[in-house]
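One structure, pasted below without further comment.
The first chain written gets the first letter, and so on, giving A, B, C and D; residue counts start at 1 in each chain.
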Amino acid sequence: MIPVTYYLVLSAVLFLVGATGVLIRRNAIIVLMGIELMLNGANLSFVAFARQFGMADGHIYVFLVITVAAAEVAIGLALVILLFRNRGTVNIDEVRSLRW
Amino acid sequence: MTESFSYIWLIPFLPLLGAFINVFFNRNPRVSGMIACATVALSFLLALGVFFQLIGLPDGERSVDVVVYSWITSGTFAVDVAFLVDPLSTVMMLVVTGVGLLIHVYSIGYMGKDACCVRYFSYLNLFMFAMLILVMGNNFLLMFVGWEGVGLCSYLLIGFWCERRSAANAGMKAFVVNRIGDFAFILGLLLIFLYAGSLTYADVFAADPAVLAPVITAVTLLLFIGAMGKSAQVPLHVWLPDAMEGPTPVSALIHAATMVTAGVYMVARCHVLFAQSATAMTVVAVVGAVTAIFAAYIALTQYDIKRVLAYSTVSQLGYMFLACGVGYFTAGIFHLVTHAFFKALLFMGAGSVIHALEHALEKGKDPQDLRNMGGLRDLMPVTYKSMLLATLAIAGIAPFAGFFSKDLILLGAFVNAPVLWLVGLATGAMTAFYMFRLLFMTFGGETRLSRDETEKVRESSRVMTIPLVLLAVLSTVGGFIGIPHVFASGMDRFGGFLAPVFSGLPEAQVPSASVELALMVLALLVAAAGIWGAYTVYVRGNRVFDRLVPRALYTLSLEKFYVDEIYDTFIVGPVRKIARACWRILDAAIIDGGLTLAALTVRSMGNAIRYTQTGVVQNYALIMVIGALVVFAYITGYLGP
Amino acid sequence: MTELPYLSLIIWLPVLGAVLLLFVKGDTAARWVGFGVSALVLVLFAVCFGAFKAHLGEPQFVERMPWIESLGVSYHIGADGISILLAGITALMWPLALLGTWTIVSERVRAYQVFMLLMETTLMGVFFSLDLFLFFLFWEGMLIPMYFLIGIWGYENSARAALKFFLFAVFGSLLMLAAVITLAFLHHQAHDVLTFEIAALYQLSIPPEVQFWLALAFIAAFAVKVPMVPFHTWLPDAIVLAVVLVKMAAYGFIRLTLPLFPDALTELAPLMCAVAAAGIVYGALIALAQSDIRRMIAYSTISHAGFVVLGVFALNQHGIQGAVVHIVSLALSTGGLFLAAMMLVQRRNTWDMEAYGGLWHTIPVFSAFLLVFTLASVGLPGLSSFVGEFLILVGVFQRNILIAAVAATGIILAAVYMLRMYRKVVFGPVTKEENRGIRDLSFRETAVLACMTLFIIWIGVYPNPFLRTMEASVQKLLVQTHRLAESPPAGMTQVSIEPMPADPNGPGDPVAPGDPAAPGDPAAPDGLTGPNGPAGPDATPDTSQDTR
Amino acid sequence: MNTALPAINLYAVMPQIVLVSAATVVLIIGLFERFRKGIPYLSLLLLAVAGVFALNQLGRGPIAFSDTSPMMVMDDFSLVATLVFIAGAVLTVLISISYVEARSIDRGEYYALLIYAVSGMSMMAASTDLFTFFLGLEVLSISLYVLIGFEQRDAGSNEGALKYFLLGAFASGFILYGMALLYGASGSTEYEAIARTLGEERSDAVNLLLLGGLGLLLVGIGFKISMVPFHAWTPDVYQGAPTPVAAFLSTGSKAAAFVVLIRLLGSVFPGLQMEWIPLISVLAVLTIGVGNIVALVQTNLKRLLAYSSIAHAGYMLLPLMAVSPDSQDGSASIVFYLIVYTAMNLGAFGVLAVLAARGIPCATLDDLAGLGSRRPLVAAVMAVVMFSLAGIPPTAGFMAKFYLFSALVYGGYVELAVIGLLFSGVSLYYYLRVVVCMYMRPAAEVPAEPAGRLSYSGMTALCLSALAILAVGVFPSELLQLAERAVMTLP
């Protein structure tokens, strides 16, 4: 059996990869994906722990999180579409009229 | 006891009332003079009443405190508004109200036509009030009230013609120089209070000498500095000559007869204290002698008639301090009285001349310049004669008033400090010289006026000449109140009257009668020499001194030893510079600038942080991640709590 | 108390007036309302003053209500001899000031009246508060009306000046706030009661080093507003109501700093005296260099404020009584001077001394009043300032002769700068044509200035009623101030010459300045120190040291 | 298998249920064009109903949602918080009415989302389980994403929404990950369970998980309350968002996060005080410093208020340190501060919203020049609010600051109190600058502005908040007691 640590490391890697994606990608949609990755990293931890404790609630949480993430993505995509309508771009580093 | 003098508060109060009425209720210039004179006359009468009541008392009881009300009470500090009636204050009251009355009357003639004469008489009355408070108060603080009050009136009256810049400046100079003296005076008072626990004369003077012993020299010297300011002693004399910017009766009243003698009065009043400090006595005597000769020397060459008299006043005040310094307080006060007579007269005579010439001289010619006068003897006979008497008196010619008082002073100096006696003697010669120079240049010789001008010169009106005559009489016979023992034993009524006041002093040494007589003769000879010198130069026109005296000495006298210039360079200028530096450098640049700098620093920090706010969302995320890493690292122990 | 709540009325009436003003239309009506309300306050105050029992020395007309119980704050007001005098001068000055600025303030009149009235409320509140929190509330609340008054009706650069003032003041009072909170906390620690009662806080025994910091915090607040050098640079720009601040801040010193931190004073009092004396000379010197009347008055205020602080920190009866009298007199003399100057500037629209000259003949009445105020500022005996200044010097002299001497030089300098101003403005020939046609004072203006003059002379000639009013209170305060001090403030006696021990009347005994332990005293002061007063075992004032 | 259904008490979540239903009703009715004008008033009514519900429940003792797994609890703390949120929402609705009309975005969803957000906040306040907290947070956040971007055609609004969304979701990631770690450490997401784990002996690994979880939670919550260094979004988003939304954002969402923070740090993590107290104190001082100092140099009003709100978050963080089992003064002072802060900030943004609704320029400080004479009443409200934010008596802001710093001093943190007080002195500069502009600068340079009355509803809200500020400033007792009672039931 694979020890829980492995899952945890994987989840941490997923989280960091997601965060890095958020930091370095210019395209808003890919940034969104990075965020999804981060959430899924956390989900993986939940599942791993739930499995370790032999309890169901971790799994349930993951379902809830997935729902929440879906809602977020829906909003996010809508905002990106509006962004494209308003500015004709989805590059988030060009969105910098509000500053200083 | 107190009840019998309970009316005494009226003496100072009446002139105040006069001032009050004139300020608030009177718009009529003619009436203003009358009100002023009437109130002063009443005061004078009351003072006479006090005098007679006082001689009615036995010697030992001739010192009465009259409390009017409690003025300032704060814990242990308690000062009353209370008056002291004793021979000394009575003499001063009489001089102040008496001479004051004459000058008030004279002023009606002199100032009656001035547009602001209501104001003038209010000031004059106010001055009388302050001066009377000064001499009548029974404690140091009340004296100080009068002290400052006369200073104020002097300021206002010097600056009476304030539209003249010089008058305004002179007034301010007088006040400020006086303030320097007052500063010391206040410190003296504080020191007295700190050690004696009271400011009332009775308490302080009756206190155990040991109480004040540690600070007695400091106290007396501080008080004396105050006196130097008020009585224009070197080096604080500079304000008095400038004070001649005021109307001439003011010069007569304030800057000759009364206010400037306040210092002498104060020293005499505090003789108990001064007598305890040999150092202070020496200082008083030396300053007095130096001032006497110094001012006399300057007076030799001045051309402004009032300035000559002003320096003469300074010099005579020096005499008085000399007397006090050698322990002859009675002599000092005696000279104060006689000086009040003849110096007031001299000023009023000069005023009479100026008044006449003002109307006569062409525009642009200075009516006070001796070089514009001459030969007025016949044109203004009354003025001339009375001034002649006064000049004789001041020169110390027997039997005029000045002779007796000055003689007593010189006697005291001879006994206690022969060097100072020599100085006094020399001063006597100079006094005779410059006074007769003044007389000759004004009245003697040929007139330097044009024909037109001569025709316009008139003798002054009665209201002005009568006071002159009265004072001339006093200058002539005033000395007889204090005839020395040498001539007639027991005839020194003045000394006898004041004796209870100065009874505490050690018996003065008296030289033998022959020595005393020799001294008198010597003094007379010296005075005569001075008169002869003046006669030679100014009547005979012999330019003998031009050859004898080096030019530099003459210039030094003419330029008044450059004292004003020295003060300007070394005191006034630097203070002004320091003030500006304080403002511009310390205040504006360093303190305020420092604050501005601090504010700027904060602002620039703000701007620095502000511009990290780039607007790029990924930068924000980066900041968050860095923050999160730091937080994570810290809290999990990698940054070590 | 079955009587009217006088003090509350005095405090809150102006607020009512301010509310009333919101419904008033028209400038003249607004002026009348403002004046009327402040006059009413004056009348109320007069009634109150008439019923005041000076010999008691404890707060009277006390009102006490719970207010914020969870914080231990109560609405507790009362007046003792010191506060009633300062409140009195405020009550007097307000109608006069409103009357004096009747036409000078010609824009936004209604708002001006509102803020003036609010200001009066806060001032009265400061003087009457017996609860530290309440005190602080009024103290800080004062900033708002003050800020607007300086900012809107000030002179050039006024907005900046107002901001500067506000920041200065707030930094000071925030430090004080921290100290106030700490004090309450300490009380809570010691007695398990959360309270801000000033009387209760007096009884705290605080470790000296803590006292030191707390005292510094309080001093910071007061020093800024007095103002003491070097915290004074806001003043020249925001002079408008400077006199008011002197009053408040000095009151703060007297009421709070002295009795709360007796131990800290051994170190701080000499320092404060030295700074104050330096400030006197410094302010005077700079005043000497000014050609702008307003700035000159400002710096002269700094100099005079130095005297006040000096008197307070002499820590004896003479000094404190002198300081209070001086505050009162400052309100009249400097206030009068400034009011007169404003009247002049209203006519000619410039503060520059050089622009005037020769006014003596064109506007004699004005010149006469200006003279009175000038002389009062100079400290002429017979006018009010002299009494205060002299008593202060008497007090300080017992502490440190050198400092007193330095301070006394301020008297010379005051004469120089004041008379210099007077000479330039009033004396001399008329050099500017504009000055010829200038109007003299109107009846209203004359009345205002005359009223102030009257008080200036009264205090100068017969100050005893004022001194007597506060005597008992000051003595009580001093008992409090010297309660824990085991030895006389050490630094103070260094320079002074040892007075004669032989002299029983000597006021110079530095241990018993102003003899707080006057006969019969020890019993008197305790019973009245408020609810928690006599409770504390260590609360009994240790007066035995005075008889050493 | 004995699977008894857990006994649940629906009553415990009644306010949330009312709020969610209210939002749904508004959403549905908002679909009908003819009711459009009435929607805001309907929202007000329904909010009031929820409020009455909460009020009614106050002081009746805590009611848990379920005995075995509480998830949510209705205690005084959550009720008071809910009331504050509702009050904030009411004021927001009032200032929104004219604003959204003027911007032609007056659609039913706007109000519905607002109420959804409130329900989310209320859920956060009542949560006793990390998961309910997370759900509440997401309900709140998702509503806010939409609300911020509600002006679809406005680039600023869109940009703000995007930034908030990206960073918010990013922060959610942190929170979720932190929750996972805590779950791993204690085997549960319940507060009580976590607290229990903290009370026991624990292995290093568990300890690491706990600490890491706490750290990540702090990051996520720090984002919501704009704690430095997670504050960067604040000015941009406030500037871009529709002004009433910015008002709501700066008060409600921040307050909700604070409420959670109080519960977490005060009741769950006191066992880790040694670790988080230094951290929070440093971050709090940084937050106060950065907020105040940068606000000094701002000229855009909304940005200025944003930095000011950052600074205020810093003040509110301070007393968290003073929270200890035997003294709830710290928590009470935060609650009191939150209430006052809500009134103040809604007032400040409300002024801008009301002015903007009338087309009066009010973007920068210069735009306010002469407002004192142009619009005296609004200017007066603004002045009161500014003095209150600055903490000058007799405003509520002073009382709040006083109480807050008192709690800090009583907790033994005098130095922090002095630092905080000094920075609040700095803050005066920019608050007063607003007042200077309104009253002491002539209006001459301002171009002719649209005439006409300001909206009644908006003015009502403004006057209400100004009066509340003054009233609380003078008579704070009741509110103080409320705040104290609210924290009394906290464990």
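Operating definition for what follows: a contact is a pair of C-beta atoms (placed from the backbone, for glycine too) under 8 Å apart; a residue touches a chain by one contact, two chains touch by 3 or more.
Keep in mind that this is a model prediction, so the values were computed, not measured.
Enquirer: Report which interface contains more C-beta contacts, comparing B-D against A-B.
Expert: Pair with more contacting C-beta pairs, B-D versus A-B: B-D.
Enquirer: Could you name the chain whose Cα mean is nearest to the mean of all protein Cα atoms here?
Expert: Chain nearest the centroid of all protein C-alpha atoms: C.
Enquirer: Between chain A and chain C, what is the gap in Å from one C-alpha centre to the other?
Expert: Centre separation, chain A to chain C: 66 Å.
Enquirer: Using mean C-alpha positions as chain centres, tell me how far chain B is from chain D in Å, no decimals.
Expert: Taking the mean C-alpha position of each chain, the two centres sit 78 Å apart.
Enquirer: Taking the mean of the CA coordinates per chain, how far is chain A from chain B in Å?
Expert: Chain A and chain B have C-alpha centres separated by 97 Å.
Enquirer: Just how far, in Å, is the C-alpha centre of chain D from the one of chain C?
Expert: The separation of the two C-alpha centroids amounts to 44 Å.
Enquirer: Which chain A residues sit where two or more other chains touch them?
Expert: Within chain A, the residues that touch at least two other chains are 19, 22, 31, 92, 95, 97-100.
Enquirer: Where does chain C touch two or more other chains at once, residue-wise?
Expert: Chain C, residues with two or more chain partners: not present.
Enquirer: Quick check on chain D: which residues sit in contact with 2+ other chains?
Expert: 162-163, 166, 170, 235-236
Enquirer: What are all the touching pairs of chains?
Expert: All touching pairs, sorted by chain label, are A-B, A-D, B-C, B-D, C-D.
Enquirer: How about chain D: which of its residues touch chain C in the complex?
Expert: Spelled out, the residues of chain D in touch with chain C are 373, 387, 392-394, 398, 402-403, 405-406, 409-410, 414, 417-418, 421-422, 424-425, 428-429, 432-433, 435-436, 439-441, 475-477, 480-481, 484.
Enquirer: Under the touch definition given earlier, write down the residues of chain B that touch chain A in their complex.
Expert: 610-611, 613-618, 621-622, 625
Enquirer: Could you please specify the touching residues of chain B with respect to chain D in the complex?
Expert: For this pair, the touching residues of chain B are 602-603, 605-607, 609-610, 613, 615, 617, 619-621, 623-624, 626-628, 631-632, 634-637, 641.
Enquirer: For chain A, which residues are in contact with chain D within the complex?
Expert: Of all residues in chain A, those touching chain D are 8, 11, 15, 18-19, 22, 28, 31-32, 35, 38-39, 41-43, 45-46, 48-50, 52-53, 55, 57-58, 61, 64-65, 68, 71-72, 75-76, 79-80, 82-83, 86-87, 92, 95, 97-100.
Enquirer: In the complex, go through chain B and note every residue touching chain C.
Expert: 69-77, 141, 144-145, 147-149, 152, 155, 159, 162-165, 167-169, 171-172, 175-176, 179-180, 182-183, 186-187, 190-191, 193-198, 208, 210-211, 214-215, 575-576, 578-580, 582-584, 586-587, 591-592, 595
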